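Two complexes are shown next, each including subunit A; its partner changes from subunit B in the first to subunit C in the second.
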Partner chain A sequence: MKFFAFIVVLFTGALLIYGTVDMPDWGDPGSAPNSHVSPRYIEKTLEETATPNAVTSVLADYRGYDTLGETTVIFTAGVVCIMLLRRFR
Partner chain B sequence: MHYAVKEVQVKERYPDVTIETVCRLLIPPIQLFGLYVIAHGHYSPGGGFQGGCILGASFIMMFIAYDIGEVKRRMREKLNTILCATGVLIYAGIGILCLVLGANYLDYGILHQILPAYPAKARALGTFGIEIGVGITVMSVMISIFLNIGTAGEHEGEPE
Partner chain C sequence: MDTMQFIIGKFNYWIYIVLMMIGFYAMIAKRNLVKKIVGMNIFQTAIILFFISTSSKKGGATIPIIQGGHGDAAGHVIDAAQYLNPLPHVLMLTAIVVMVSTFGVALALLIMIYREYRTFEEDEIYETLEVMRLKK
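After this line comes the complex of A and B, so read on.
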């Protein structure tokens, strides 16, 4: 059973490494995020959100739904910690 | 269910004038700095996650320098657990508010109808609102996790 699990892990890892072959190079200026998405955010941030810090505006405004999920993850971690550990006498 | 958890010996508290005085002096500036990091996230590195972590760290410092009772006296467990959920509620509530006013979920631009600001500024204010929610949640979750892991879940009977 352990050997089977090892094979599954090995296979999944090989699949993930195979998936990275297609990714653009690190910092490639011609890749899709660097040629469309980042310039759009950097140019329009101040005009659209009145926030000088582009990181904050992307995190909380453009990708606000993602941050809601992150906050829920933290909340869930806290609740699970209470449920598993807290002992009431 | 609890067979894996051994009985935890809660040691006596050893008062130390130096540590207590230093913490008494340091904790208010740390909390003020946490609030600054949350509020100044629009203009400098920072935001809800980082500021909430700093606020939680100040309580953890109090936990280390004093004892559990001191932390629970200043931040009651019930209040702390309620605050955990309040932060997420503020975040989701602002999203629902945008929905009610007629825009997409978490589309803060529509908040200019109820806030005295032009739409772009309303977006900044909506962002600030959710940062506050994130900060509250992160702070109380940090305190809660530290309390529960540090005492293996047995921190009752402490003076409140």
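After this line comes the complex of A and C, so read on.
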């Protein structure tokens, strides 16, 4: 069983390494994640949100709904933990 | 030196894949439930490292905080190549929150399992279930 699991892991790893051939090089300034929307965030963050820290402005301003969902997730996790660990007697 | 360039450009992905596969192996091969959860955490950490690595830019880029932000520098042109990509950092903040939430819920479930079966080992839980089924 462990041998079978090892084979599965090796196969998945080989598949992922084959997939990295098409990935952009490390630190490439013109790669896809660095080229479309993030330069606009960096250039406009001071002008539009008056926040020098681009991470803060994206987290709390441009993508505020994402953060709302994040707080929903952690609230749900807290409620589930309380429901599971409460002693019923 | 084309092969060398290829290896230098891609070896960070390979490190994350190795880390991810360690976590994957722990998730599917280990019999102890705590070790399975630790494997899941290693898996998620590998994904977080991968996303953070996509935000790097060569050529003197620094952290995504605009220099001289409050005050005199307002209005001057900002070059996006001078700052790292802020988007993966933000997404990984969310991912870290989800990771902590799943970890907490999984540990709570483990405490419930331990109260019921007095063990973390999958085999012993199956044995107990079999004994309970035969008793009925």
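Quick notes on this one:
Heads up, the rule we're going with is that the second predicted complex is superposed on the first by the 64 of 89 C-alpha atoms of A that agree within 3 Å, B and C clash if a C-alpha of one lies under 4 Å from a C-alpha of the other, contacts with A are read in each partner's own complex, and residues count from 1 in each chain.
The rule is simple: a residue touches a chain if its C-beta (ideal position, glycine included) is under 8 Å from a C-beta of that chain, and two chains touch if they have at least 3 such contacts.
As the structure is a prediction and not an experimental result, all values here were calculated from the model.
Between subunit B and subunit C, the partner in contact with more residues of subunit A is C. By the touch criterion stated above, A:39 is placed in contact with subunit C alone, subunit B being left untouched. Within the superposed three-chain model, A:20 lies in touch with subunit C and out of touch with subunit B [touch as defined at top]. Contacts of A:52 after superposition on the shared chain: both subunit B and subunit C are touched.
Of the two partner chains placed by superposition, subunit B and subunit C are both touched by A:67. Look at A:81: by the touch rule set out above, it reaches both subunit B and subunit C. Overlap of the subunit B and subunit C contact sets on subunit A: residues 51-53, 55, 59, 67, 70, 74, 77-78, 81, 84-85. Put simply, subunit A touches subunit C in their complex at residues 1-2, 5-6, 8-10, 12-13, 16-17, 20-21, 23-29, 31, 33-34, 37-43, 45-46, 51-55, 58-59, 63, 66-67, 69-70, 73-74, 76-78, 80-81, 84-85. The part of subunit B that touches subunit A in the complex is made up of residues 2, 5, 41-45, 47-49, 81, 84-85, 87-88, 91-92, 95, 105-106, 108, 120-121, 123-124, 126-127, 130-131, 133-134, 137-138, 140-141, 144-145, 148-149, 152-154, 156-157. Remark: subunit A residues 47-53, 55-57, 59-61, 64-65, 67-68, 70-72, 74-75, 77-79, 81-82, 84-89 touch subunit B in the complex. Across the complex, subunit C meets subunit A through its residues 5, 8-14, 17-18, 20-21, 24-25, 28-29, 53-59, 61, 64-67, 69-70, 73-74, 78, 80-81, 83, 85-90, 93-94, 97-98, 100-102, 104-105, 108-109, 111-112.
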